[in-house]
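Labels run A, B, C and D following the written order; every chain starts at residue 1.
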Amino acid sequence: MTDTRELSNDAPILDVRNLVMHYRTEKGDVSAIEDVSFSLKAGESFGLVGESGCGKTSVAMALLQLQAENAGFEGGEILLNGKDLLLMGPSEMRSHRWNDISMVFQGAMNAWNPVHKVGAQIKEAMDLHVKPQLSHSESRERIGQLFEMVGLDPKMMDRYPHEFSGGMRQRAVIAMALSCDPQIIIADEPTTALDVIVQDQILSELKKIQRDLGMSILYISHDIAVIAEVTDRMGVMYAGKMVETGPTIDIFHNPKHPYAFLLLSSTPSITGPRRKLAPLEGEPPNLLDPPDGCRFHPRCPFVTDQCRTEEPPLADIGAGHKVACWNWESVPPLSEGLRK
Amino acid sequence: MDTLQAPEESEIPGDVELRLQHEPLWRIRVRLMQKSFKANWKLFKRNKVGVVGLVIIIMFAILGIAQPILFATGVWDKRVYDVRTGNDNRERIAEMTVVANVDDVVDPNTQIDRRRLIAEGKNAEIGDVIQRELKHPWPPDRNHLLGTDPNGSDILSQLMFGARAAFGLGLLAATVTVFIATTVGSVAAYFGGWVDSFFMRFADLLLMLPILAVLIVASSFGRFKLWHLAIFLGLLGGFGGTAIVLKSQALSVKVKPFIDAARVAGGNNWRIVTSHLIPNVMPLSFLYVMFSVTGAISSEAVLSFLGLLNIDMSWGLMINKTQSAGYLLNPSTWWLIVPAGLAVTLLAGAFYLAGRGMDEIINPRLRNR
Amino acid sequence: MGRYVFKRFIQMVLLFLVFFALSWIALQAIPGNSIEQQLRLNPNLPPEAITQALERRGLDKPPIEQFWIYTKDFFTGDLGVSWSRYPQPVSSLIAERLPRTVMLFSVALLFQYLVGFQAGKYLAWRRNKRGEMAITIAGVSLFTVFYPWFGLMMILLFAVKLGWVPTNGFIVESIWRDAPLSANRMMMTMFTSLMLVTAFIGLTVWASARLDRPSQRRMVKLGAWVAGIGAFFVYWLTNDNLVYAKDIAVHLVLPVSVLTMVGFAGVMLITRTSMLETMKEDFVLTARAKGLTEAMVRDRHAARTALLPVSTSLVLAVATVIDGGIITESIFGWPGMGQLLLASVVAEDIPVALAAFSFTGILALLGHFAADVLYGVLDPRIRVTSQG
Amino acid sequence: MGDVRKIDEILEDMTVRSSSKFPWRFVALLAVLAMIAAACGGTTADTTAAPDVTDTTSGTETPDTTMGTDDTTPPSVDGFEYKIAVIEDFTTDNFWTYLDTDNSVYNGYLLGGQAAAVYTQVAPNFTLAPSMALDAVPPIGAADGDNWVISVPLRETLTWSDGEAIDANDVAFTFNTVKDLGLGGNWLGSIPLATDDDPETADVDESAVGLLSVEAADDFTVVYTFNGAPGLPLWQYGAAQFAVMPEHFWGPIVASSADAETFEASSGEGAPSAGGFTYTTREEGAFARLSAAPYYDTGARTVVYENGAVEYTGPDGTLENYGGTPEGEVVSDDVAGPFASEVVFTVTGGQDQAVLALTEGEVDFWLTPLGVQRGFLDRILAESDLEVITNPNSGFRYLSFNTRKFPMSDTSFRQAMACMIDKEFMANNVLQGVAISLDTTVPPANAFWHNADIEAQCAGLTQEERVGASIQILKDGGWTWTTDPEWNADNLDVIPKGEGLSLNGETIGDLSVLAPGPGYDPLRATYSLFIEDWAQDLGIPLSAEPTGFNVIVEKVFGPTDWDMYILGWGTGVFPDYVVDFFESSQDSAEGGFNTPGFNNAEFDALAAEFKQATDLADAQALIFQMEAIIAEEVPYVVLFTTPVLEAFRNNLDFPFTTGLGGIQQWNGSQVSVKSSQ
């Protein structure tokens, strides 16, 4: 299985196609993921950005098949090396978790079980997935290496999570994610709740590791700046839908979906071009009863009648840049900002 | 210590009062209560465990209320159905033949062997046909739906009286418990320091006591009536374990911003405790009412069962009387022991179940995702 | 840590002193001295016999002096002499009763917590699925069942109707009449052998973690189980006193089963609540993401963390064994500490009652202390804060 | 993957620190192994030691009885095990302790048979008869200066179970031990030690008559010296009957005991017995055993007649007669055993368990002072091999008035209350067979002392007639109502109830009757409620207060601010208690037993005479008169007694099954019970 990455550089190792997932609640179905597609090639990093509640985390959970109990897939497929995860049985799925797809969780504190030592929690995954099973000392050696790789003292593996600082914990989480040598790492808000300097360190650490180990990383963040910093390609999600996807540089500099445009406008950027800040007004829609037509239309400054009735398709506007908007052409360049 | 952790959030946000100042406060409170009641009722209904408990509680409440009504309407004659002095002495006669050998007895109701006759102190010759009074306890029939006890007293009537006793005792004990525990817990949490130490050490002290033994000691104090027991249990619980739980809840409320806000606004300490802290501890307190009722009912039953309470009638006493008269392990007189035992179990269990149902609403950690 | 323990210890001693004094006052305050009453109600006794009997028990002195003498003796290790079983020393009464209580309740608590914890885990794991309500209601019913009644019903069913187990008592006379050792001695041997086997297996398994190769670890662990259980069986099967051990074991079956039935639900509910809270934690998700099986996630992560309040409750349950034993012991005719406590309180035998009270008090204090320590051991987060 | 608990998941830094930590764990492991080994070794030592212990004990125990019972072989024809269930544990195996501080009925069942006595009472009619003594009737003795000396010749043939003679030295030894060690309790009840007058309290004469010394004039003559002439209670029913213990066994123990406490803490295991069984062993909380032992009286035949007369044929065939001329029906014909090789007491957890043991065939007899409860009868009678007998209990439950206080001080008030109480109705209709109506403190079953001529107030009247009679009694006594009570024939009730009852203008305040709660005694609790009802019918504002037993006792034996109470007495056969309960000098306010504060000069005179009486017939006549006064003046309303039901397996052959208190009164007739199989 670990050899598959050698197959081809072109074939995506992860291909999400038209994924539809709903949460069934007493009040009705919540459409959390609506027709989302993206793919990830070996060694590539892809970013998913959007407000909280837009379905990013649902996508991450779907990739690990750890969605909530009331979630149901209405369509689509998640192909991992060509095999559909949605069709796998629980035990087969388990063998892929961490082994092929691991995850750097958000809020690293809670990702650790407080009653076990950090090393033990990493070893636990290795015992399951690394074949042949490593001996005690071999495991420790490997964990030590991983710790060094993420910039931690190997002795820390015998400490409990609460003895780690936030940044150290996050590094340890990365070490854990790397422990079984996965093809894909999902980094879900990897730097949220860390102070800025640590954020930066962690991100460069991740980038370095990705470079060294050649794995694919799926970044998930509400912070478009983070995504811009570390990904090759990105997608913008809004209300469960992918509204814009393409090379990160294209979108970052030239967003064509009004939501992406406003998102970028509302974020000050140090590295990017100077821009006028524009507020993103209103609140995300209630996914129990999403608006007709384009889901963004109630908040959209470029709204037209068509937007209110017809759902725009994710259309290619060139160079792998796709956008789902009827009026993407009327979205101004970022530098001009939004005219009043 | 206890299964129940203090909820992290209170049901009624503290700042609601500020937002709706143009309305009279009581109306806001009533409306809020209505609203939260409706919402909570919906949640509660979803949890079938709680509903089962509630239904059983209501059943017993009806049972308890029914007895005075039956007396007042004359359906039941006090002389027959009163739990203290009532007895049914309408004679029930059975004819029987005195036989020499117990194996010859065909129908135990109409025939009797000689040994039994001797045991009952009558003289008869073998072969005589004599009339024998059927003695209490009588099995259930039309007049006595659950039969009579060895003294000829109606079991159903005792059961009904016992229901009233159980409710009275349970609710009184629970009210005392929760009133004290809420106050103690809030005060200890708010003031901290030596006040806290004092109450918490006192609580530890009460937790050290062998409760049953202490109740036995207490019950030997003269005319220890049911309401004495209720208050005693209330005090034990109120200053003991419940206080500790509610204190930890109050602590979590104490650090909420609105308490600080009230303090900054120059609120007097007692006012903050009574109008901010306690109302926010109340939901959990109310939950503890349920659990305290369970504890009180069981304690009373155990003490009565051991024959240590001087009370007129209760479920525990019914079992105690059955036992002391020797009918306990006799399956053929099941009506003496099964209804009473079941009643204690059901009502105590029902309050507990209802409590668990409420717990799922009040305790945010247990709420469904 | 040392300072913390010292502070706790001082607190415990002070608390115990207050407890001791309060218990004495409460017992002393019972209206009517039943020892004196019993004597006085016997018309055959001349007044001098009554006076003498009171003098011998020190009851002729004023209460304050009695208390002073009693306290002095108590804290110098002399528990005094029973009033109702004069002149039997209190310590010998306790020595006679304690092994029985220890035997019955150690086994019962073990089962209660094993069954309760497993059931609670299962319940939490199956939340909102079929069976949850049925098990909850059944569990709560057993938890809140009127215990004396339930116990008697079980005796009626299993001992009387079905005749599977003895109805009461802890030994059968016909087996023990010429026994070379006392039942207490036997119980202690049984208890010790159980403890030793458990300790052996536990320690070996613990020590095996040091071994490097997984296969070695497995072998040693398996070996420990086989050797431990094997040694237990070999020891008992070749033991001349097996027949006596068996008799005690047979008598344990019903009380232990009933105690387990009424007690497990409490543990189950604690476990469930605690598990439900734990299951919402992110680390459970992490564990799943790591590809652990559901059983591993449940046992190593959710349940291991949920074990905290359960273990605390176990320690505290140990502390209330004597009080809780009152009913059990009287229903099953198991003359242990609970019955001693009951009898002494009813008879106002203050030396015995006070000793039993103190015993429960000390158990409770140690229980609370042990719970704190255990919490620290099980939850590394607490370990640090409690040191500070 | 499975569900393997991985305790090994705790990672240890082996490579770094193993050298320092590694051995430590295995040392711990080794320590455990060593402990296991030690434990095994220890227990092995036990088992090897065990046979020795059993050998020695059985060596001394195996009785060489005249009946040829052999313990080591299965029981011979007569050698059966008499298996008895008891519901309370024995608390001592030392007879001295039993009689002193641990004077429970159960200790009595176990140890009571050990003692010898100079005179004794013969079952079932309590006939006074010689045991160690040679003469049929206790000698009266004669004055010797200030003292009174009684010399009793003893039989020379009696032996303890170990073969030592039972002689006068044992009697003297027992007396001296009680006196010198200062034993108390019931020892002082049967050995009335003389006390000196305390000069400081000149107004009270403490120098009651008592025993000064008991000496052995020779081996078979014992001399009692009193400091005055003793009456029946002190001599015939007192000192002449005290328990005699073997000096050769206890002497050394007494000598080595510093005080009574150490002495009474010593074990009585191996003590020789004078009663056919010796105490063997017990497991506390489980069982106790007695073994048949050589008995001097084995084979003796005792025939008891209806009138109490006893015909005794000794083992050697000599015929003796006690307690009058044998005539009438034979109530008991008894050959002394022991027939059982063992008496095995099984301690069961409670009465339910005792009945189970009985019905399951684990025991032959349930020995209980309380009797079998009626609820058990169904199940006992369902077993065809169980038999049930019923006898009245020796004792009574009563309502007592505080005669020191108005209105209880008024005789007509008490009489009217007594008249209202329909005991027959209570016994037959309400309590239904679990209570036997009683009118006198000496029950009919105590035939010799019972005054059969006494009738209760308003005996035999209907409820209506009782109301009428009570009203009349009150009116005659000068009582008036504002509203007179009236019997309403339609409702079969008193309507209206009396109101405003007063005597010479003095009205009655709220009164209460203290009675044990239904949890303690449902019978008395129920009774108190009915008494409350009846009193209220007459306009007496009485309320029943369920009160703890200890609280009632505390109240009524101390201060005198109570009104009425209901309690019970368990009584012996010799009715000296009648004196204790009602003699004015026995006022409970001063520490006596006269709780009502009854103060009647006529009664006091009779009581004084009774205490001095030495003749049974005189004493009987005095008791009859005293009872009559009690029935008329009603300080007590004697309410009822309870039947003692006893159940046993029908292979048991008891010498008698009828008698006050039943078989349990005689410790289950251990020596004479036979097995018919």
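Observations on the model:
Methods note: a contact is a pair of C-beta atoms (placed from the backbone, for glycine too) under 8 Å apart; a residue touches a chain by one contact, two chains touch by 3 or more.
The shown structure was predicted, so the numbers you read here are calculated from the model rather than taken from an experiment.
Of all the chains, the one whose CA centre sits at the greatest distance from that of chain C is A. Among the chain pairings, C-D comes first (most C-beta pairs in contact). When chain centres are taken as C-alpha averages, the shortest distance to the whole-protein C-alpha average belongs to C. Centroids of chain B and chain C (each the mean of its C-alpha atoms) stand 27 Å apart. With centres taken as mean Cα positions, chain D sits 40 Å from chain B. Chain centres here are Cα means. That of chain A falls 53 Å from that of chain C.
Centroids built from CA atoms put chain D at 89 Å from chain A.
Residue positions of chain B touching 2 or more other chains, listed in rising order: 220-222, 306, 328-329, 369. Listed for chain D are residues 1, 9-10, 12, 14, 352, 356, 548, 550-551, each touching two or more other chains.
Within chain C, residues 30-31, 152, 160, 211-212, 217, 293, 296, 300, 330, 348 each touch two or more of the remaining chains. Those residues of chain C lying in contact with chain A across their complex are 211-214, 217, 281-283, 285-294, 296, 300-301, 304-305, 308, 378-381, 384.
Residue ranges on chain D touching chain B, taken from their complex, read 351-352, 355-356, 372-379, 381, 384, 387-390, 429-434, 516-520, 522, 526, 529-530, 533, 545-548, 550-551, 643, 645.
Looking at the complex, you find that chain C touches chain B at residues 11, 15, 18-19, 22-23, 26-27, 29-31, 128, 133, 136-137, 140-141, 143-150, 152-153, 155-156, 160-161, 269-270, 273-274, 276-277, 280, 309, 312-313, 316, 320, 322-324, 326-327, 330, 341-342, 345-346, 348, 353, 356-357, 360-361, 364-365, 368, 371. Across the interface of their complex, chain D is touched by residues 30-32, 34, 37, 39-49, 52-53, 56, 81, 85-89, 96, 100, 152, 159-160, 167-171, 173, 176-183, 185, 189, 192-193, 196-197, 199-200, 203-212, 217, 221, 231, 235, 239-241, 293, 295-296, 299-300, 330-335, 348 of chain C. Listing the residues of chain A that touch chain C in their complex gives 64, 66, 90-91, 94-99, 102-103, 105, 107, 110-116, 124-125, 127-129, 133, 135-137, 160, 162-163, 176.
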